[in-house]
Structure formats: C-alpha cells, structure tokens
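Chain IDs A, B, C, D and E follow the sequence of writing; residue 1 opens each chain.
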Amino acid sequence: MLSSYLTLAAILFCIGLYGALVKRNAVVVLLSIELMLNAVNLNLVAFSKYGAVPALSGQVFTLFTIAVSAAEAAVGIAVLIALFRARGTVNVDEFDEMRR
Amino acid sequence: MLADIPILSLITFSPLIGILILLFLPKQNSRLLKVTAITATIIPLALSLWLYADYDGAASSKSYSESATWVNAALNKETMPDLASYVFKFQYQMGIDGVSLPLVLLTTIVAVMAALASVHVKKRWKSFYLWFLLLEIGMLGVFMARDVFLFFIFFELTLIPMFFLIGIWGFGGREKAANRFLIYNGLGSALMLMAFVMLVMTAGLQVDQIDQQTQHVYYSGSYEIIKENMTAPDSLVNASPESPLYLSDTMRWSIFILLLIAFGIKLPIFPFHTWMLRVHTEAPPSIVMIHSGVLLKMGAYGLLRFGVFLFPAETREWAAVLAVLGVINILYGAILAFVQKEFKLVLAYSSISHMGIVLLGIASLNEIGLQGAMVQLVSHGLISALLFLIVGSLQERTGTTELGELGGLARSLPFMSGILLAAGMASLGLPGLSGFIGEFLSLLGLFDSMKVLTAIAVLGVILTAVYVLRSVLSITFGPMPERFGALRDARLIEAVPMIALLAFIILIGVYPSVVTEPMKHGFDAFLQQLNVKVGG
Amino acid sequence: MSVDTAQQSFQPLTWSDAMYLAPEWILIVFMVVLVLLDLALPRRAGRNIIGWLTLAGLLTSLGFVIWRVIDMNAGADGPIRLLGDSYRIDAFGSMLKIVFLSATILIVLMSLGTVKREDIPDKGEFYYLLLPAVTGAMMMASSGDLITLYVGLELLSITTYILVGIRKHSAQSAEGAFKYVVTGGISSALLLFGMSYLYGLTGATNLGVINQALQMQGAAGNIQELLYVAFFLMIAGFGIKVAAAPFHVWAPDVYQGAPTPVTAFLAIVSKGAALAVLFRITFNLLFFMSPGFHLGEDIFMALLILAAAAMIVGTTSALRQRNAKRLMALSGVANAGYLLVPIGVSIKGLHMQNYGEFLFYLAAYVLMNVGAFAVLSVVSRAAGHDELKGFAGLYYRAPWTAAAMIVFVLSLAGLPITGGFFGKLFILLGAAQSQAYWIVAIMVASSVISYYFYFGIIRQMFMRGGGDEAEVHMPAMTGIAVWICALLTIVLGVVPGPVIGWVNENFSIVRDLFITIS
Amino acid sequence: MEKYINNYVIVTIFILLGILLPVVALTVGRMLRPHKPTEEKKTTYESGNEPVGDGQIRFNVRYYLFALMFVIFDIETVFLYPWAVAYNQLGLFILVEMAIFIGLLLIGLTYAWKKKVLKWNSI
Amino acid sequence: MGNWLDETLTWGNTLIFALWGIVLLVLVLGFVTYAIYFERKVIGWMQLRIGPNRVGPLGLLQTVADITKLLIKEDTIPRKADRLLFILAPALAYVPAFSVLAVIPYTNKLYFADINVGVLYYVAISGITTIAIVLGGWASNNKYALLGGMRSAAQMISYEVPLVISVAGVIMMSGSMNLRTIGELQGDWFWQWNFLPQIVGFIVFIIAAVSELNRTPFDLPEAESELVAGYHVEYSGFRFAFFMLSEYVYVYAIAALTTVLFLGGWHAPVPFLDFVPGILWFLLKFALVVFFLFWLRATLPRIRIDQLMGMGWKVLLPLAILNVFITAVYLELFIKG
C-alpha cells in the first residue's frame, strides 16, 4: 500500500521538477512547482497513515504545506502579473533582461 | 637600558607618528608633506641604529623580546571538563636576533633613501606618503614578528600599500602590474597562511600543567613554541603517531613545500618570478627601491626562519634541490638579463640572479654559507636600491630606460654615471664592495658540500659581470643622443641618498663584520639541531 | 506508539510561554500597526515615519533577545522549550537572532538614507515587510521541529519574494522576483520532499525524536538508501536557499533585480538563516550514529564538497563580472561556502567550537556586506546604474566613503586587520584542527582568487576616473550605517577575542544545539 | 475500518455514476440527433455579426486578483475547520490563537480593500 | 443504509451501493425535471401567468419534452473551439454536482456515505465546477463565453469564501464535520436548530449559496442582456443540457445541505410532532428551501457586478468571520466547562 503511494508521489515530484526546469510558459512553471509540493503532501499523508511509525504529525505538516504553498502560489502569480505587465510575455526564455 | 623600553615596537610603529601628522596636513602642500614624510622615516632609522649599537650577539636577543597577548579566544571545552582553560592564543610577540637585525637596519636605511627619492612623485603626495609609511611598518614588522600570525599580518600589510603604490603612481601598465603583484603575492601569503594554520593546529599546542588536576591548554602561534615542539624529539608532534597532533612525514613535507613555494614566490625562485618583472618596470622607482631592496628579502628571511629553521631535516634532504634552484636562478637570471633591451628589466633579472646566490647560501647549511646568504641579502638590498635610485633619476631626465636610446651620459651627467658605474661594480661582485662578500661567502659555504654546483654557479657570476658591464657601459659611454646634452646632474636631494647608499656598500665590502658580527652565534642552535638530526 | 506520542507532544502554548516569544510578538505587532498606519496615512504623506518605526520595533525586539540571553546565561535552567521542543529559545537561536536583528537594523538604517519613492513606490511596504521576514529568520533559528522550521523558512522566503519585486514597475525587479519565486519554490519542494521521507522513516518531525529513531533504526540498515535520498534532497534544497554552487545560478539575477537594501537582506539574513537551520539539522540528526552506519560522515562530507564547490565556483565566476550587484551575489556564493565549512567539518577530536566560528564569520559577514551594499547603493544612485565602473574615481568624489569601502573590501577579501580576516582564520583553524586540510587549501585558494575582483573595486575607486564624475552625496543615515559597519569590522579585526570567546563560553553544544527528548 | 473503506467506495461510485451519465447520454444523443454541419453553423456566435478577431482575448487582471484573494482566504479554512471541530475541547488560549490568525487575515482584507483590489470598475 | 456500511466490503456490497447510487441518480433526475416545471409554475403563478400547461396533463410533461428536444437537437462545435476542452467542460461541471450528493444524509438511518469530513468534502468537490465553467468559456473561443466564464468564476470563488466560513460556526456548535452528526445534534425544538443560534451564519450561507448557484439575483454570468448567454453561449443540445442539469442538481444539493446544517434536518420542529417520520420533515424543509430559491428568482432584480463583488468581500466575508468569533466567544462563555 505504502509503496504505491510513494511511487506515485515520486513520479509526480519528478514530473513537477521536470516541468519547473524545462517548461517555457511561466504559468506552467508555477503549476509544476505546485505539483512538486503536492507530491510532498501525498508522501506525508501516506506516511502518516501507512508509515512504519504512523503518527498524526504528518497530516498536520500537510496542512501547513498546503497553506504555505497557497501563499507561495499567490505571490508567484502576483509577481508574474507584474512581470507580464512589464514585459508582455510569459515565455520564460525571454526573461533575460539581466544577462544582456 | 634599551631593554627596558619596548624598542622593537617603537621602531616598528614609529612611522605611525608620520602617518598621524600627515593626516592633518593639507593635501596641496607637497613640500611640507615630503619633509614630514622623510623626517618620519628617519625616526625608525635612528632607533634601529641605536638598537644595532646596543645589540650584543645572541645573548641580548632574549632581552629584546616583547610579548603581549592579543587574541585570547576561548575554545569550547565542553567535553573536556577537567581543563582549566582551553584557548586559542594569538600573541603580539616581537623579537630580534642576528638574522633579523641586519634586515631591520636595511629596511630603515632603504626607507629613508626611498623617501628621499620620492621627490619625483608628481601627484597625490599625501596618500603616497601615507601608504609609504604604512608599507614601512609592515616591512619592519615582518622582520621582528615572533608569532606566525603576527608575521602573516605584517606580511599582508606590505601587500596592500604596495598595491596602491604601484597601481596609482606607477607607469603606463601600472594596474596590471599591481594586479599581478597582488595575486602572486596573495597566493604566496595564502599558502603561507595554510602552512601556518597547519603548524599552529599541531605544533602550536601547548599544555601548561598548573597542578595535579588543572591544565591550561592553548594553541599558540608563537614561533618559540612551534619551534620547540617541532624540534623536540619527545613532543606530541613528533613522538607518537597515535596523537591527534602527530605530524606525519607527509604532513611535514607538505608544510615545508608550501612554505618553500610561498616564500619562493616572494624571493622569487625561478618559475614564480614573472610577476616581479612587471613590478620592476611599472612601479615608481622609489617604490622599486623598496621592493627590490627589502620586499624580496622578506621572502628569503621567511624561508630561512620558517622553512629552514623549523624543518632542519627536510632542508637537509632538500639542500641539493635548493642549491639546484639557486643555480637555475643565477643562470636564468643572468642569461635573460644579458639579452634585455630595457635597463629596468636587466636589473629585474639581475635581482633574480642575485637571489639565486642567497638560495645557494641557504642550501650550504653551514655557518659560512648562511652568513653569506645574509650578507648577500643586505648587500643586494643596498645595491638594487641604489641602482633603482639612479634609474629613477635617469628616467626623470631622459624619459626612457631603453638601453638602445641611452648612451654617453657620462658626459652630461658625470656624477650619476660615476655612481652608476660603482653600483654596477658592486653588483657584479667587485672585491671591496659588498656584493663580493655575499657571493664569496655563499659560494664558499656551498663549496663544502656541493662542489659541482658551486662551479656552475661561479659561471653564473661571470655572466653577471658581462651583462652588468654591457648595460652600464652602454648607458654611460658610447655615442650620446643630441637631446641628452643639456641634462642637469644630480640635485642635492638625489645625491645624498646615492652617496649614503654607496657608502654603506663600501662599508660592508671593506668591513663585513658590521653584518656578520650580530649573527655570529645566530645559527648555532640551528646547526646543532641539524647535526643532531643527521647524527641521530 | 503513534497516538501516545501525538498526545504527548501536543502541548498547547500557555500564557507564560507566550512571554518568552516577546521578540517575535513585538515584530508582528509592529508589522500589524505599521500596515494599518500605512493604509491610514494619506497617499502624499512621507513614509519615512514607517521606516523609523520599523527601526524602533527591531531595536525593541533586539533588546528583548539580548535580555533573554543575559538572563539565560545567569541562570542554569537550560533552554526554554515550547510546544514540545518545536520552538526552542536557547543560546544557539538567540545569538543568531541578535545577528539577524542587527543586520536588519543596519539595513533599515541604510535604507532610510537611500530609498526614495521614485524607485520603490510602496516605501511603507518595503519597511514593514522586513519585519515578518526577519521573524521568519528568527523562527528558523529557534525551531527544533521540521514543521516550525518550514513555516519560518517560508515566512522568510515569501516576504522576500515580495521584497525583491517591490519595484513593481521595473522589469528587472519583476524578473528577479519571478526567478526567485521559481527557484525558491523548487528549493522548498526539494526540502519538503526530503523532510517527508525523513518523517516517514522515523514517524516524527521533532529533530530529537528523529535522531533517536535514526539511532535505533540505523543499525538495522534497511532504510539507508532512503535516508540518503532524504538528506541529499534536503541538502539540495538548502543549497538553493543559501545559494551554494552548483545551486547558485539564480543569485546574480535576483540580486541584480532587487533593490539594493533587499539584496543586502537576501545576502545576509536569508542566507544566514538557511545556514543556521542547516547547522541545527545536520548536527542534531547526524551526530550520534550507530557503528557501521556512515550516513553522518557521508553527509558532512557532502556538505564540505558543497562548500568547496561554492567557494571555487563563486570566486571564479566572479572574476569576469562587471556588475557590482552580481559581483556581490557571486561573492555571496563563495561566502556561503566559507560558512558551510564549520558545519561540514563537524565535531572531531578536539574541535568543537564550530558554532563560534560560524557565528563570528557570520557577524563579520553581516558587517562587511551591509557596509558594502550601503556604499554601493549610494554610488549606484549617483551613477544611475550598478555597474562596477560606477565606482570610478570615488576617491575624488567621496574620499571618506572610499576609505570605508577599503575596509569592507579588505574584510571581504579576508585581509588583516578586519573581521573578515579573523572570521576566515578561525574557520581555517577549525578545519585544520579537524584535519580537513583539503578544505583549508580550497578556502585559501579561493580567497586568493577573490583578491582579483575585490581589488577591482579598489582599482575603480582609486586608479580610474579623473574626478569629473558627479559628486557622490552620502545621506546621513546611510553614512551612519556605513561607519558603524566599518568601525565594527575593524573592531572585530583588532579584538576578535572577546567576541568569539563569549560565544564559545556561553554556547553549550549539549544544551543549546542538541535537542534531547526527555 | 470497514466503514471507512465503504464510505469511500460509495463516494467513488457516485463519482463514477457522475461520469457515466454524461458519457451514456451523449453517446445515446449521438445516435438520435442529426449531423449536418455547414460552415455557417460552425462560426463563432457574436449576435449575428461576423466574428471579429480571436475569442480568447486578454482579460482584465482583476480576475487574477480575485483568484489570489480566494486562494488566501480559502486556505484559511484549512486551519479554521480543524480548529472549529476541536474548539470545545481546548482551552481559552485556542481562541486567542485563532483571534490572532483571523485578525491577521482581516488586516489582509483591509489592505486589499484599501488598495482598491475589491473595486470593480469595468468588465 | 447504515448497517451496510459496517459490513466487510465484498463485490456484492459494492453492487448494492451502486444500485442505491443509481436509485438516487434517478430520483435526482426526476427532481430536476419537476423542479424546472415547478419553477416555471411558481414563477408563472407569481407573475399572474399560468405557466406550462400544454404538454401532458397540467403541462406535467413539458420538461420531458424539453429534454427530448435537447437530446435530438444537432450538436455543433464551433470551428475555432478547443474541441477536447469543449467536450470535457459540461461533463466536468456535472460530475462534482452529483458527487457531492454522496455525503448528504436524509434521516438518521437513511444516508449514503457517512464520512467524517462531510462538510469539507462538499466544499472541496463543489469547487471543481468553477473550473468546468471557466473551461467551457475558454474552450468556446468566444468573447461572450469567455467573459461569462470569467465572471462566473470570479463570482463563485468570491462567494465560496463566505459560504465556507459561515459553516464554521455550525461546525463549532457540533464539534464535528460529519453531516449526519450535525443533523443529529440539533435539538428537538425548532429554536434549537442552528438557524436561530447561527442566524448571521445562516443568512450569509443562504446568500452565498444562491450566488454559488449562479441564480437570480446573482445570475450575472448568464446575463442575456450583456453577455448573450454567458459561458454556455456556444453550447447546444445535450451538452448545454448538462450545464443546466448540474445547476439544478446543485439546487438539490444546496437545499439538502441547508436543511441538514441549519434547519434541523429530519427533526420535527416540536417534540410532540415526532410521530411524523423524519424523512417527511426533511422533504418538507427541503421543499421549502427550493421554493424559497424560486421565489427569489421571481422577486428580485439582478444586481450589478460591482455590487455583487463588493457584497461578497466587503459584507459577507466580514460578517462570516464575525459570526465565527461570536460563536467562539459564546461557546467560551456559556458552554465550555
């Protein structure tokens, strides 16, 4: 039971990491990060229920993770809006103002 | 009498008086600034002469040591409850002996001469002299520090002023020269620091037994403690491989080689010399006087004190290597000096060549050779200071130092040409002048142990004569370009240091005991140590 | 087991506990008041009053922290443990808090002089957002539980995301903020993923309990691989947060995009807090290991390798940098490497003053960095850009500022007699005492390489420019910050003994660093 | 334990039924309904005018702001609900804690209000 | 139903659960059919019209005819539409609408899933519908549809917040998120039901619920005068029917939820009326709520969008939070030991 949850979480995490590093669309990048965080949540909840040492703290941790990732997403989107206003694009490749 | 006052600190920090006064002087009044600065350099000279007069061999070196705890940082001793204290002790410890005294004197003399020669400086006098005096503090401190970290701090203290002095007041390529100087010497001092850190954390541990239970344990950078621990056969460093402080052979060799490279860069030893050429050509002449006259000696001094004295066995094993390096230096320097078209570069390579002789003297590992190395240090310091003093004056007048463009100056500048000739003679080792004594003693010392190398080295000395004569003669004699006809000979402010330096050169040449006398028994302990090691 | 521990570890906060949290409360209360004040003040009114009040809040909080430290040193009660050890008020945390608060105070001081409404439209927000950010850093320093640790981390991160992008009409600022959000998000995801495994394998989030579980299970050896995965994920996460190579790529862009005071905050408080947490976690979790179980050694070695990479990459890539802020970012990468060394060498043989070394260098780093950034902000204001050539001829334009900058540069380069020198020296000595000579060599080498670009600033100030550039006006508050930093840098360089001695004597590894469950 | 699983089996069944109905209905519908596409039928509807430009226009940023507000306040309930459930069993301090928590959120709301995030002025 | 839940899971049991689900599905479809009829009749009555009266006796088959018409109507998908999402959206709108019904209890004995986080489940699943609406608007590639979808999303998320927070008061009163427990714990007298002690929460809940349903006076997303028909302008045939269907299923769900949360569920208003079975009381209250919703539609005009958003954030949200506090303080003072 546990291992299937863990595998799913690991796969989600890897997809998220891949997306965050590779995707061009800034919104997709943010989504990928959320995906990674959700993989974490899955892990935590699975462990708290089926882990070797089941304990409630994992679910508490999940609540915090959810809340914090929401705040992070909110700030991320806000920043992205500001950036879109300034640059008119959400293509990550074009965010190279400072390398020039 | 002198022993009652902290004379060493006084000497070292006396330029500080100058700095403080200079800070409050107006920026534009160059004359006032110069006079103040020159006066400020005379104070340490006077004090060091006094010290020299009072110095009485190895016996009095003890009475001149000063020591105070600077940093006393408690270390965490949580798991060692029975310790009364566990600290890292970093002391302000100054001392003097036969090896450092001549160099201190050399420093103060050259500093005065360089200050006099600095009249050529054209801009930003105030900061020039501030850095200059700071540099002097650093140099004096290096020769007197008896704590490895204090030594390191003074060593680094010479780095920063030099960087500014070269970078602001130098010639065309000054910034590059300053950078090179900084990086190479920084590298050298970093390696040195690494070696020191390794030394202190092993050989620097000292346990003071207060009574049966209580112990004071401290790490110290004190040279005496390190030397004691390094050389005593039953110390924690040497005795048992189980001790956490034990220095294995690999460690010893690593530290030794680190130090060799560190000071080798400063000296400079052959592959590490490139930085110095640029400094010689780009730095302002008065700074080159100091650089060539004193700073290079710091390398030799450090090698002697920390490399050779702390690692007698390793030195013994590598004496041949050192000697070979010395010979390479001599020949390489001489040959390249021969083909240079720029007088400053000739002098730069000549410095490399002469420093090779110092290495030979050290490699001989006997009293004569070591004394020779010391005399060579002092003598080369004076000679190169003199040569660069003249170069500075020449360059100011003719605007060039290319050998091809100079010539026949004996006619328009008879006095300076005369001095130049004399300096050249000293440099090539004419008997009766200081250069001869240094080379002769070093080679004599080396001849005892390595005859073939000595022979090759002598070849190098002959080459020296060739390139020195070639360049000096081509400047003083031969056809004179038209435009040099109306040059003014040395002014008083230039003539005084020239004559003074020449006087010192002759004095050492005629009466070498002024240098060798203080160090008469300076090497005894070391040589004894060496023999014990070899014997046992 | 599960229900019992959950019941036991659940200890609600009480009123008396809440009093111990006074420094944090004060910051939060000030923030709330300032938010409301900012909203209430008319649009046209100046916002400097908010800056001053922020300063007041920080000072009050600092006062309470110091009082707590003195109070705790006087008694022998041991640390104060709140909520089942998830929040600990001990010397480890309190001393770091002093550093963080002081750094923030200096940053606010420098901002009072240089932050103008033209470039930061929401000046009020800029000031009061520093308060939750530093609260987050303080939480991180005090936490003994993965959850509080994470919440603190994110409180710090999220507020700094906003701070980086606070010049909302500037494309650079927004771009920097976006990059920071993305890397920050990835880093916290990595961190959390590692933590989730750690939690899963031990069933606890409390560091002390995890340690115990690891000790018991470590010998069994059947979970080693996952533990390695967990720790390496966490190291990667922290690596991004502290901007240690190879996880540093974001730093130059973000530092350049952010307003200078924020850059200083990122370089100092963010980095310091992440390092502090790393310190606490590694020592707590990995220190007592069963024989035959090399996790601890391997992780400490990995940290040292990370440190080495940071030092080498940071210094070498700074060599070709022409932008002062990017340069400082890369210098920060190298400094993260130096600060990782006392963590990575761990406690070996006679060497156990890691915390003293760490804290001393951190303090020196705070001073020299705030100073350098303060000068940079003034200079770039005069030049209109933050390229290195803005420093050209500073000697003619503002000789005293140039002199102060020399102090900072020397300290950054690790030359005597400055705080930076002794900071590095103590770290070197510690590493040598642990016989990690190779890291000593790398540290020393990277210091030398760094001379080149640090002295590049000096070259610009003293050897370039002919004095025809615009006059540099040093605002009074920034000037005060600069001179406080310069003087303290020198003081740390002249008398480092009392400082590091005080830390070493009042910091007990067993009492203040390790979380032991009773 | 059985009850726990059974409950979620029911939930799953409901979800499956929810999916099934559209699938079935649309499939059945496909058999019944005519299929005579013309170009005109497939144009986008703009009240009978020729459609102008693309339909997926850039819309007001305000929507995003509301989305942000929603995210923040909705997440609040993640903490609010467990708190509400456990409220009767815990002491006074839990009220204070939640007061602080909600107080901070209200300040956030005030902030948004004051910064005119909540003001709707166009489509 | 309750006793099935305690048994070990077998294929047989699963089948039984599935059958019960289908029964409910049929009932709900029936409800929707006649709710529409009822709505038209009620509104007609209120507007002094007759309402549907042609198809079947009393027009009872009117809705059936409508549905049949939709079923056999040609289904067009605009060329510019994003085909996959366009097809997906109606189904996605409907699935959560039906799924939330799983947790609603009808009496103490009659319920389906009895999960401990019932309220949370309802809130979480119903949120998905918002996505479906935005998706439908976006996939249509039509300006009106997009704006309708965005407005709808903005409205729904804005009102979800007060909706969710207003329930917190009820949860505090019962100390549980299980809907059955919440229903059960409400007292025997009608003034002990949650709607009176929680009057603020109740009002906020009702308003927010109406808005969640996109019904008048909050039916801006479908404002014909401004947006043609809102997010489903491009939909026709049975795809359109599913949007409508989910709206009416939500009417069912909300009415049932209101009954359970605030109106005492299956309890009789006074103890002596206990002899009437609980399910009848439930249906009565349920019908009342449904009627109330239709009544609103006939009575109130549509409000402006700025008023709508302003009311959600500036009035309902603070009120809901205030309600939580009042409840907390009340419980602190009078109930907690």
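As a convention for this text, a contact is a pair of C-beta atoms (placed from the backbone, for glycine too) under 8 Å apart; a residue touches a chain by one contact, two chains touch by 3 or more.
Per UniProt, the chains are A = NADH-quinone oxidoreductase subunit K; B = NADH-quinone oxidoreductase subunit M; C = NADH-quinone oxidoreductase subunit N; D = NADH-quinone oxidoreductase subunit A; E = NADH-quinone oxidoreductase subunit H.
These numbers come from a predicted model, not from an experiment.
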Intersection of the contact lists for subunit D and subunit E: none
Farthest chain (mean CA position) relative to subunit D: B
Chain whose mean Cα position lies farthest from subunit E: B
Most central chain, Cα average position: C
Whole-Å separation of chain centres (CA-atom averages), subunit A against subunit E: 32
Centre-of-Cα separation between subunit B and subunit A, whole angstrom: 62
Subunit A and subunit D: spacing of chain centres that average the CA atoms, whole Å: 20
Gap in Å, rounded to a whole number, between the CA centres of subunit D and subunit C: 40
Residues within subunit D bordering two or more other chains: 67, 74
Touching pairs among all chains present in the structure: A-C, A-D, B-C, C-D, D-E
List of subunit A residues in touch with subunit C within their complex: 6, 9, 13, 16-17, 20-21, 26, 29-30, 33, 36-37, 39-40, 43-44, 46-48, 51-58, 60-61, 64-65, 68, 71-72, 75-76, 78-80, 82-83, 85-87, 95, 97-99
Residue ranges of subunit D touching subunit C (in the complex, touch as defined): 90-91, 93-94, 97, 103-104, 107, 110-111, 114
Contact set on subunit A toward subunit D in their complex: 63, 66-67, 70-71, 73-74, 77-78, 81, 85
Contacting residues of subunit C [partner subunit B, same complex]: 349-350, 352-353, 355-356, 410, 415-417, 421-422, 425-426, 428-429, 432-433, 435, 437, 440-441, 444-445, 447-448, 451-452, 455, 458-459, 462-463, 495-497, 500-501, 504-505, 507-510
Contacting residues of subunit B [partner subunit C, same complex]: 70-80, 87-88, 90, 149, 152-153, 156-157, 159-160, 163-164, 167-168, 174-175, 178-179, 182-183, 186-187, 190-191, 193-194, 197-198, 200-201, 219, 244, 254
